[in-house]
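Consider the two complexes below, in which subunit A is the common component and subunit B and subunit C are the respective partners.
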Partner chain A sequence: MRILNLAGRRLAASIPTLLLILIGIFLLLQFAPGDTVDAMMAQMGGGDAATARELRQFYGLDLSIPMQLGNYLWRLVRFDLGFSSIYGKPVATVILERLPPTLLLMTASLSFAFFAGLVLGVIAARGVNKWPDTLISTLGLIFYATPSFWFGLMAIVVFSVYLQWLPAGGFEDIGAASTGLARTLDIASHLVLPTLTLGLIFLAIYLRIMRASMLEVLNLDFVRTARAKGLDETRIVVRHVLRNALLPMVTLIGLQAGTMLGGSVVVESVFSLPGLGRLAYESVVQRDLNTLLGIVFVSALLVIAVNFLVDLLYARLDPRITAGT
Partner chain B sequence: MALSRFEINRRTVLLTSAAIAANVINPMRAFAQETPRKGGVFNVHYGAEQRQLNPSLQASTGVYIIGGKIQEPLVDLDAAGNPVGVLAESWDSTPDGKTITFRLRKGVTWHDGKPFTSEDVAFTAMNMWKKILNYGSTLQLFLTAVDTPDPQTAIFRYERPMPLNLLLRALPDLGYISPKHIYETGDIRQNPVNLAPIGTGPFKFNKYERGQYIIADRNDNYWRPNAPYLDRIVWRVITDRAAAAAQLEAGSLHLSPFSGLTISDMARLGKDKRFVVSTKGNEGNARTNTLEFNFRRKELSDIRVRKAIAHAINVPFFIENFLGDFAKLGTGPIPSTSTDFYPGPNTPQYPYDKKKAIALLDEAGLKPAAGGNRLTLRLLPAPWGEDISLWATFIQQSLGEVGIQVEVVRNDGGGFLKQVYDEHAFDLATGWHQYRNDPAVSTTVWYRSGQPKGAPWTNQWGWKDEAIDKIIDDAATEVDPVKRKALYADFVTRANGELPLWMPIEQLFVTVISAKARNASNNPRWASSTWHDLWLAE
Partner chain C sequence: MDAIKRYFRSPAAIVGLLLLLVVIGMAISAGWFYPRDPLSLAGRPLIWPFSNPRFLLGTDNSGRDIAAQIFHGARIALLIGGAATVIAVVIGVLIGAFAGYFGGIVDTVLMRITEAFQILPNFVLLLVLVAVFGSTLTTVTIAVGIVSWPAPARLTRAEFLSLRNREFVQAGRTLGMKDLQLILGEILPNALPPVIVYASVVMAVAILLESALAFLRLSDPNVASWGNLIGLGRDVLRVQWYVAAIPGIAILLTVLAVSLVGQGLNDALNPRLKGR
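The block that comes next holds the complex of A and B.
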């Protein structure tokens, strides 16, 4: 009951935020020179002014900016995200089509980064200042410093072009038209390289955080007490240290859900994945305001949802948090 | 001096293209006995998705590369670049040029089984070419009616003379036919068939997954016997150029058309035996790099300043070091690939001459200020290609050396068009002029005064010259081909002399194709053509 209450309050608080974000993006995009009809003309390689005027009328671009914004918000109130001018379909449909690859990629990368970061961070902290720590920390630094598009391209060159182990891009095999398990495996094999590419930077962050918080917790009094009780080291790490060291890691998930959506633009382009990130980029370039606002809306919902889950996890990890509210 | 430099350049380019052509021919010779193989899936790199795929509504290579396999034009170009009938079998014109009759092919059916007739031609011409198609609405401005006395005859009636040669050279790009029975009801622009085209071509539309791929399968009822050879074409949407190069190497792509890769990747793959990298098959898609001057800027309306700018830029150096074999020195608005209209290189040219540039600037009264700076200009480069971006930087540095400070303002596509062609917020702009087989289709609008504000790729420089307006108008309705050619020679001479814009680099698109592809690049607009004879060797 308390959790539901918390949930309700959090969601209610996020509505004004969402509204502000949408209005902000709408106004920001007005500063970009050109509208969707200009972008369309660029694509066509020319056209006459009468056609352009007709198209502007068709897309409602001849209205004043406050009118356009008002129209948009009024539609939003009725849960209508509008019509995409590049796709010729309702924005909601377009986004629903693009959501699965992005969600899969995000979940896979976050889990990979989280768990690999956790394990590596623990190993580094246990062997602090010895060779495992040095090796892991150096690797972490390299991952963090390398741009992800370069990682992606190198991964394609090594694993697809030379070794031919994994597909070079795409979401699934077009020719196969497989179903069930075969299709799942097919999609999984297409996602390996993008997941690694997107995950490595975050992995580097997680392992640094994990290492630092492990080191901090390892020096606390209750650990010393546990050691004094004669508990073996593995038990101390798993039962006492890990649980406490996890809190900053979980915080990071909430913060990075949004960053990851941004990072996915690059990864989706390099691996030709049909995700939200590329859709967002495409709609900016083509000045498809409706689609862009729709994506912002959905992404904001996603980030809110992730943060909500993080709050719940907090409560689970540290009972003091719920007790305090 | 200028002339000999041009000649050398021209010759080396011709030699290189001959070498490239030999590369294409050699493997073919080795397999001279092999018979075309049926079957196979052909994978194509598709860099930028379009809003729709019907080439009777949008003239652009991004649409032809897909729609051109599914729908067909009345006329296409053969290997020698001459018009050859596709949906039209023959044609003739009355001496006054006001009536042009097309006799259509019999026994052609649409992919949905309905017969193709002159009604389709009349509907497409009057409702799509004349009203919606970019470039088409200008070309068909004086088209008043299309008569259909019988299902196999379409008679085009024009208010003013339409040179038959002009129409035939325009139709490969601007002459695609759409099915009347699909489009006659409802809003043409919003028809869902625009994204799932129905045509008469060798391939039938199958599926479009946005952001991923488009598939078309062989049309078993195609009118050409034994065609097509391929079972399927898959266009894979890959926006990242480097990723596309990797996919070619990994074997998941057979073709990247229209210079879809980075210049360095194209040069690299050219050395790989698995690929043929060449400009062959793109002769009908010549483009020139431009430098556009805004005449509203007082200094630029002075011809001495424009000439000084042209003289200050070392174009051969730029081509040699940045564009390599893929480009050559241009001589004006009509590229040398246009055998029908190219007037030769003896028109006013502006070879690199820094001293002359400085002298001209001095003469125009632009003395250097304290820091050596004479003038500050805003240059807007179009974002379509790597070469434009490099060219903009090169202009900036070259002009810096003669005391003109250039600020490069980069925009994306929509922003560029808006600022240059609608708001006129530029001093210099640079982009591509794409030549479409006849100057009246693609080129004269860049020079003709009185273009409506906001129309991209037209004379938005604020330049007006009555003599050139007259030449343009006369040439557009001149029925005699010899006289037309002479008029366009005058046009180039005057355009180069007055220099409202400068077109100093000539390029052809580069095709990167798997060496297994046979009958590839065999006409001047191959990537846009039907591919009915394309096949893949084992």
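The block that comes next holds the complex of A and C.
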């Protein structure tokens, strides 16, 4: 009950921001040369002005800008994202179809980056200024500076072209039509390289933050007390230090949610995954404004949702922080 | 002067500075070593690196010299990265300064706008901007700057919040100084150093953003950008993987250099925060 209450309040608080985003993007798109109908006509190989006028009327593009904006927001309230002329389906349907691969990719990359960053950060902090620390910190710097799309391409060269261990792209093998476990394994093998590619930069950030916060917590009084009690080092790290050192890591998940969605645009294009990021790219190229606005709306909702979950997690990790304030 | 001494005590910072000097040197000498248009045809397509002394790094799919594109690409990377960073820091500092100084309703409104920009995925917003305003060098640079300002804004706001009620500001206020005088003349000089150091992070991200955009063929196709070359190399990835590999290494080293210099500056200017 408390959580529902909290969720409601958080959602209400984010509505002005959401509205600001949608109005901003909508106004921005008014500067775009050409509209959906132009793109459609170009795709059909041209057409006469009368058809164009009819189409514009059908899509409500002949109304004044404030009217169009009003229409758009009113439809959003009813969760109607409009109709995608390029895909010939409602935008909500197109987005829902494309959402699962992206969510899967984001969850996998985030878990990989979080746990690998956690382990590497702890190892680096335990051996501070010795060779494991130097090695891990250097790797972190290099990962941070690597363009993800380039890493993806090189991974394809090594693991798909030369070693032939993993598929170079796609979400699953078309025609395999397998079900159950076989299908799961198939999808998993397709997701290994994209997950590593998308997770790389975040791994670099997480390990740096983990190392820093471990070093800070290791110097606090209660750790000294635990050591004085004669607890062994592993127990101190696992039972006492980790929980406190995790707080900055968890904060970062919320801050990075948007960056990760943006990163999936590039990674999904490299590995031709049929996800939301690729849809965003396609709708930019094809000037499918309805779909683009829908994606912006859904990404904003996703980031807000992730931040809400992070707040809940935060309250669990540190009881002194009460959720909602 | 202590700060300079502290900077050169860190080997990582020295490596970063050297790397950055190499990239700057490449950008300056590009016209001298490769006076021809780097996008003009130079020889047979797809010559492997080190196999022909005329094309040290080989040629791409259409027979353009890769080494020439790498040298001229250094100009583009530094130009876009630098200019976008200046744009992002100027917008960020202005918004952060006003929000932090005035507080109240001004702060609420400006922070709502900042929040809106932070909730939107950077790269998605960049796609929208480029789709709307086109992908010339200028528009891409401005677009990268526009998506990168929220972090400097938050940093500046935090600095202003902690500085605005210090004695020297109150002294200025009793002397009858105007708000704008206080913001620009008194608080800003004190708030700026951490923001300037953070600019290295903004620049590293800006270079990566532009290269990703160019890779997707949404950046200016008429300049020798490293990202453009990687996008080209993707078409021949299976056999001639060097076309994509070489410019990627150039991006990696440049971003690494900028980050290392930034970290070195941070450690040199804030010795108490070292290691964080």
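Structure notes:
The definition used in the following text is that the second predicted complex is superposed on the first by the 296 of 325 C-alpha atoms of A that agree within 3 Å, B and C clash if a C-alpha of one lies under 4 Å from a C-alpha of the other, contacts with A are read in each partner's own complex, and residues count from 1 in each chain.
Keep this in mind: a residue touches a chain if its C-beta (ideal position, glycine included) is under 8 Å from a C-beta of that chain, and two chains touch if they have at least 3 such contacts.
Values in this document were obtained by computation on a predicted structure and should not be read as measured data.
Using the contact criterion defined above for the overlaid structures, shared-chain residue A:A32 touches subunit B and also reaches subunit C.
In the superposed pair of complexes, A:L103 makes contact with neither subunit B nor subunit C. In the superposed model, A:S269 lies in contact with both subunit B and subunit C.
By the touch criterion defined above, A:R287 lies against subunit B and subunit C together after alignment on the C-alpha atoms of chain A.
With both structures placed on the common chain, the touch criterion links A:V157 to subunit B and to subunit C. Shared-chain residue A:A305: touches no atom of subunit B or subunit C. In the superposition on chain A, contact is made by A:T17 with subunit C only, not with subunit B. In the superposed pair of complexes, A:V296 makes contact with subunit C only, with no contact to subunit B. On subunit A, the surface patch touched by subunit B in one complex and by subunit C in the other comprises residues 32-33, 149, 153, 156-157, 161, 269, 284, 287. Residue ranges on subunit A touching subunit B, taken from their complex, read 32-36, 38-52, 58, 85-88, 94, 97-98, 149, 152-153, 156-157, 160-161, 164, 167-171, 174-175, 269-275, 278-279, 282, 284-287. Residues 41, 48-52, 58-62, 132, 134-135, 137-138, 189-190, 192, 194-195, 209-213, 215, 234, 236-240, 242-243, 246-247, 249-250, 252, 411-419, 422-423, 434, 452-458 of subunit B are the ones touching subunit A in the complex.
Of all residues in subunit A, those touching subunit C in their complex are 16-18, 20-21, 24-25, 28-29, 31-33, 141-142, 144-150, 153-154, 156-157, 161, 212, 215-216, 255, 258-263, 265-266, 269, 280-281, 284, 287, 292, 295-296, 299-300, 303-304.
If you check the complex, the residues on subunit C that touch subunit A are 12, 112-113, 115-116, 118-124, 126-134, 204, 208, 211-212, 215-216, 218, 227, 230, 233-234, 237-238, 241, 244-245, 248, 251-253, 255-256, 259-260, 275-276.
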